[in-house]
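Next come two complexes, and both contain subunit A; in the first it sits with subunit B, in the second with subunit C.
The block that comes next holds the complex of A and B.
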């Protein structure tokens, strides 16, 4: 359908009416930049998460779980791939430019991947708490996202994140049913990961947040964060773990858990690449990118059999 | 590298569905990458990849005129009202 919007008011009316924007629409540049930045950060986070997951393949206990971690790693890297394609079609940066920015520390990824996973308990806490937080955020975007290509690709990503979350819960339950030593390991992981997972949702949404106004996000950060708190606090307690929030209290009037004041400084530090493990993570990702250059070269136009050579190439440079 | 659009049909469903895109050097590699990126859990049993520059897309307002062809539809409610009126009228 041919369409264009003379003014931002017209465009916003179209969005408010449930309109879906497509890649070839003449969208306002501010919207293009906002959607692009959001998808780029999501793509970066999937890739960084996948690389963390990969580190645990050799260390995962048991063949069944090891295979599941392999599959999950492929899912996360795959999600990054799908999202980089969607982001590239916005014409702001190419896929390679996005990757180069990530590996040079010039672009952002989720706060949780700025911390180091030290024990298997950490990895379980990430799969259980962080994947669930990411899933809650993604579901809220999928529900009413105004950018069509992102909404469609999220359908697939959300389905697979659901597998990951259940896998995390399965592992957490095994630990909860385990020995005192295993339970202590998970409690320590919970102490390390509860707050970063909660901070993933970000501070309360600003009243003029364009992501909300343009229906990229459908719910405010504090609403999503609260949904996560109300689900996970009672769940963790029911398995006999302690939520590491000393000021947390039960609000008998509202029938809700209130976790108390949230310190946003750690989140700000991670967004400035100043998290406890930021520089190592970025360096490892960059090293991985250069170590795998031979794979990209092997799959590139010059090195594959010339079964359809001679056709025009639109090189995106080495990817 | 070229951009390919990926289409998947699920067993028992009538239509191919556009699921996304990818970059590949050849048609054969595009199929391999599509299988790994989009069909890891048997999401379909038929797979098409189409070079993006081979897609013939209608420009802008090409299909717009057909949005205003009411004579190509018929409103079931209008027929129902007429039917009801015919039954109720004597003779």
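The block that comes next holds the complex of A and C.
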């Protein structure tokens, strides 16, 4: 398994040939840092996404419906769990360090989870629009991802996210075919979530984006964003909802929807932890982490979970 | 109370307990002490809600109503509060994770004993649900026990756990309190013995597990009046569970 690359050119040639880097390979430090930061943000986002949805889980309308929602949440937190292990294996930070950086507001998570789900409609909009956006991004990473451990985890994540999106679509359809109050609720959710979901893809990729050069991402941000727009704009319209983009127009020549100019200021604010719900979300997560510190301390006293919490090896008494 | 009414009330008490216990687990997702625990409560919560759904289905069977989602949800969410038969332990709003863990252990210890009472039930569907549930309960117990084994061994954690035990202990008596209709369930062979018979074994199990007579204190009589009286925590909990349903009563979600 011992491989090495004398120069960055050799390493990049290996990546260009479709080579897969493994955790114990002597990869260039810049690559290690870039892959780590990308996976850390993905892990943080799975976790913070769970916290965004948890506000509404206890209120899920319906007994069997609630079981389905719990299964989805279990998947999402499971993704976070797996991703933190993959990230920790890169040796940059331990899982605890990643969590503590997250709760101290020192690391990033996706823009959408800096917003609050204020109605049940928002919960459905997240499952439908945001999960779909995440899925489009993840599929593009999976397609050509040069970091082996991440690629293998993504295979599973993508399979599960596909189910979540279908659950979200199914719930959206019930609302679309439902009462006036339901439709109004969802239209308002759409007004709140359409742009953040679109901004999830980020501004157009820079020409020198190392994530593209090192085959961590396989497609440019604007290409992925456009894929989402072309799918969701007609779908939302066909169910009678209004896409909240006043300057949107149909480009008859290119046969595409053009949503018009995108204001990136809201995205930038979330990157600086200044989104509409950033401070509450981070504060509550941090408070909760400190309130339960005694549990982790006691388990590490028994030499069980400290190891687990530190490097993500085995489960601490989980079923 | 006639026998069919008794059986119905017996099943409802069981179903309501499972439903509310599952509901209470949903409140701890994402705020547990570590990720594995978030995963465990979402899994255990699904199991308990699944038991509730199967038990409500049995009630609908008795009524000759098809067990569609809306019919199930009317039973689960749509009854007046004094028609519920849950115990106060599952209605109780916990104040911290230690209380949630202690309740989880006590409830699941009791639940495994309760399923045994119906494992040979004259209702074949109930007996088959019991077999499935007993397998799951073994995992639930193992989960709670693994945590308590370690936490009770660490001085500060032990203190917190015992304090939590002191808070929930007064509700143990009510957990084993039968509904009036239980006699009908026993005479028809739906249940092999009374829920009240579980009280002594449950007390013994609690004493063996926590080994602390200080936190347990003296026994507290149930204030549930054969499970017909709700605690102060119930109405806010039911409102929370019904919030979306109440938003538009004609809607299908």
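Everything below uses one rule, namely that the second predicted complex is superposed on the first by the 290 of 319 C-alpha atoms of A that agree within 3 Å, B and C clash if a C-alpha of one lies under 4 Å from a C-alpha of the other, contacts with A are read in each partner's own complex, and residues count from 1 in each chain.
The definition used in the following text is that a residue touches a chain if its C-beta (ideal position, glycine included) is under 8 Å from a C-beta of that chain, and two chains touch if they have at least 3 such contacts.
Note that the structure is a prediction, hence the values are computed from the model and not measured.
A.B. asks: Is A:156 touching anything from subunit B or subunit C once the two structures are fitted on A? First, second, both or neither.
C.D. replies: The answer is first: A:156 touches subunit B but not subunit C.
A.B. asks: Figure out whether A:78 sits in contact with subunit B (first) or subunit C (second), or with both, or with neither.
C.D. replies: Touch partners of A:78: subunit B and subunit C.
A.B. asks: When the two structures are overlaid on chain A, which partner does A:301 contact: first (subunit B), second (subunit C), both, or neither?
C.D. replies: both
A.B. asks: Quick check for you: in the superposed arrangement, does A:89 touch first (subunit B), second (subunit C), both or neither?
C.D. replies: Only subunit B; A:89 stays clear of subunit C.
A.B. asks: Does the superposition put A:171 against subunit B (first), subunit C (second), both, or neither?
C.D. replies: second
A.B. asks: Classify the contacts of A:182 with the two partner chains as first (subunit B alone), second (subunit C alone), both, or neither.
C.D. replies: second
A.B. asks: According to the stated criteria, A:254 is in contact with first (subunit B), second (subunit C), both, or neither; which is it?
C.D. replies: So A:254 meets neither subunit B nor subunit C here.
A.B. asks: Looking at subunit A, which partner touches more of its residues: subunit C or subunit B?
C.D. replies: Answer, by number of touched residues of subunit A: C.
A.B. asks: Once the structures are superposed on A, label A:67 by its partner contacts, choosing first (subunit B), second (subunit C), both or neither.
C.D. replies: second
A.B. asks: Using the superposition on A, tell me which residues of subunit A are in contact with subunit B and, in the other complex, with subunit C.
C.D. replies: Comparing the two interfaces on subunit A, one with subunit B and one with subunit C, the shared residues are 71, 74, 78, 81, 299, 301, 304-305, 308, 315-316, 319.
A.B. asks: Mind pulling up the subunit C residues that touch subunit A in the complex?
C.D. replies: Residues 19, 22-23, 26-27, 29-40, 42-46, 49-50, 52-53, 56, 69, 72-73, 76-77, 96-97, 139-140, 142-143, 146-147, 149-151, 153-154, 156-157, 160, 240-241, 243-245, 247-248, 250-253.
A.B. asks: Spell out the residues on subunit A that touch subunit C in their complex, using ranges where they run on.
C.D. replies: 47, 50-51, 54, 57-67, 70-71, 73-74, 77-78, 80-81, 84, 120, 171, 174-175, 178-179, 181-182, 185, 288, 291-292, 294-299, 301-302, 304-305, 308-309, 315-319
A.B. asks: Using the touch definition from the top, list the residues of subunit B that touch subunit A in their complex.
C.D. replies: 1-3, 18-29, 36-38, 40-41, 43, 53, 59-64, 67
A.B. asks: Under the stated contact criterion, what part of subunit A meets subunit B in this complex?
C.D. replies: 1-2, 71, 74-75, 78, 81-82, 85-86, 89, 95, 152-153, 156, 160, 299-301, 303-305, 307-308, 311-316, 319
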